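Chain naming follows the written order as A, B and C, and within any one chain the residues start at number 1.
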Amino acid sequence: MAILEVEHIHKSFGRTEVLKDVSFSLEKGQVVSIIGSSGSGKTTLLRCLNFLEHPDKGVIRVNGETLFDAGDLTTQLETQIRKKRLHFGLVFQSFNLFPQYTALQNVMLAKELLAEELPDYKARKKEIHREIKEQAVSLLTQMGLENRMNNYPHQLSGGQCQRVAIARALALDPDILCFDEPTSALDPELTGEVLKVIKELADNNHTMIIVTHEMSFAKEVSDQVVFMDDGYILEQGTPSQVFDSPKEERTKQFLKNYHSK
Amino acid sequence: MELMLEQFPIVVQSLNVGFLQTLKLFFATLIGAVPLGLIITFGSMSRFKPLSFITKIIVWIVRGTPLMIQLLIFYYFPGLVLGKPIWGSGETGRFFAAAVAFIFNYACYFSEIYRGGIQSVPVGQEEAGLVLGMTKSQIFFKVKLLQMVKRIIPPMSNEIITLVKDTSLARIIALQEIIWAGQAFLKGSQGISGAIWPLFFTGVYYLIFSGILTVLLGRLEKKLDYFR
Amino acid sequence: MKKIITFLMSAIMVLSLVACGSAKEQTDMEAVKEKGVLVVGITDFAPMDYEDDNGEWIGFDADMAKAFAKSLGVKVEFVEIDWDNKVMELDGKTIDCVWNGMTLTDEVKSAMDCSNAYCNNAQVVVVNKDVADKYKDVDSLSGLKFAVEAGSAGEKEVNALELECTPVKAQSDALLEVKSGTSDAAVIDLLMAGAMIGEGTGYADLTYTVSLNSEEYGVGFRKGSDLVDALNKFFADSYKDGSMMKCAKQYGVQESIIEQ
């Protein structure tokens, strides 16, 4: 069974229709890259999955459970949406780390706040705190940041910040991890370290959706590539299908523009 | 010069009493206006249109008219128009009227500073909190508040220093703060008349007090320098 | 928007109507007796109202006010006010009367109901001691630059004589002008001049010469107040039994007292 099913998503901002009937599905452990020019609706799609936007029409299912159905208001209650968001993690283009916390605190904060809701929180406070900290330390070590844990975001490079942000998203152990152009805000020499980390996650069978402009990276890491244009999914398939023998004229043109850059 | 030395102890004692009143008004205003300002901010940023509209009108009126007139209205209006002087005539009543007018006035200024502070925290901070499963109030208190505070300290410091000096406006409703006390010796009081220096000497009190505040606020600002 | 304004306007009008209605219920005398205290608006103005070493208000006016309150069977409360706001203080009911060596001008009489005059005063010209000999009569004053309190009796006199003058905020400011040399002369109350300038004051090098007019002091009440008649009767009684004169002698103003 597919881990994620997205069916007939529509989203408009005012009169501009940004997503026009988007459907796709994803198997557990798969990596899908979404490519396309700016304004094609890629980022909006990710924001819909993370409930930062509410689709006007459509259904989102995770592990067969309907998380969102535009036709069913009971799936849109603010209190439930908070829990539903935890199925997804999101890594932002501009990191959005919390500047007043250290790298370690950034990774721990959300998990600690969630732990306060556990029924046995009071009794196991110290133990829980220790577990959360151990997990955060191991995540940051995995990101190659063992020497940077107590630094504040402004003391870190862009690439390091983005790796902290990835660790922060992983800390909540999401079913599906989303990346919104994770290297677009970075200097070219820093993109490598972030892409390397994402590649490792892919090798460890994390289910991921990556919106990216790094075509060679998408080709290398993805199981599936989706090409979006003007709010539609125009073409979809394995990397070799989409990159090497695209069917649509628009896809060919887009890829050509990219290669000539 | 000799005369001045003779007058000095009497004058200083009288100025101290006046300055105590100045300090009382200053702290009462601060304690009242800091939280009230936040309430006004939430009112003016409310998504419920009539509430935000009315709040904005009130803020516009309060910021658009001189504090001196507001003092006169707060103190005299109940007696003049309603026929019921609610404040009482004595020193305490005048102090309360002045404090209420000051709190209201400064809360409106603070609310605009808070609003700027809240709006200057990038949207991404809230979104990052949301996708990490935080509640709105957790996001406000754990993520946004400190960033807001950091951003509003410089403009708040300005307002607070201005408040120190603005307290002297309260003498329009005969609140006997330090300038009133200093001026009394010009007209004649406690056997000293035509003494000009006490009025100018009040400046020393203001200078020292605002100096202390500047240092304290500077320290607070520095304390939040650890992040950007 | 229009609706809101209309609503606010009507709310204010209803409130003021209610206010007018209720204000008529009680006379001043009844109100003072009910609260048990007569609130007297004053300024620090020796020898009429000033504080002694214990911070208690004394002076010719203050002592008479205490005696008047006693005759009504109520306590007295002295409240220092901003002189510019005296009419507002009265109408706003934050004080019951203005009893502070107040000159009975036409403006004062039109804004308040006043008692009979009880004390004479004059407006005098204040100049530097060194030049005092040159200014002994009204004719010698032309060419001087004057400083006077805005709206005071002194300003009126100076304007009537068509002399060059700068209005300032208070009589004391007028003296400051002369002392600092920014004006040549000031016109202030005789009683005040007696207390504020000459040896032992901050204005030791000033003196007063020409008297411009004579004027009279009275006590001011709200329009329509029934306390006016009560005070006039009290003045007449205390003049007859000599207690007013006794009080005047204590503060050195016996020469100026008007027969009641």
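Observations on the structure shown:
As a convention for this text, a contact is a pair of C-beta atoms (placed from the backbone, for glycine too) under 8 Å apart; a residue touches a chain by one contact, two chains touch by 3 or more.
Since the structure is predicted, the reported quantities are computational estimates derived from the model, not experimental observations.
Taken as a contact graph, with one node per protein chain and an edge wherever two chains touch, the assembly forms an open path, each chain linked only to its neighbours along a line. When the interfaces B-C and A-B are ranked by C-beta pairs in contact, the top one is B-C. Taking the mean Cα position of each chain as its centre, C sits at the greatest distance from subunit A. The central chain of the assembly on a C-alpha centroid basis is B.
Between the Cα centres of subunit A and subunit C there is a gap of 80 Å.
If you average the CA atoms of subunit B and of subunit C, the two centres end up 34 Å from each other. Centres computed as Cα averages put subunit A at a distance of 47 Å from subunit B.
Within the complex formed with subunit C, the subunit B residues making contact are 3, 54, 72, 75-85, 87-91, 93, 171-174, 176, 183-190, 192-196. Partner subunit A is touched in their complex by these residues of subunit B: 122, 124-125, 127-135, 138, 142-143, 146-147, 150, 226-228. Contact residues on subunit C toward subunit B in their complex (touch as defined above): 4, 15-16, 18-20, 22-23, 39, 43-46, 50-51, 53, 77, 79-82, 85, 88-89, 91-95, 170-173, 175-176, 179, 192, 195-197, 201-203. Partner subunit B is touched in their complex by these residues of subunit A: 50-52, 82-83, 85-86, 88-90, 92, 94, 96-100, 109-110, 113-114, 152-154, 168-169, 172.
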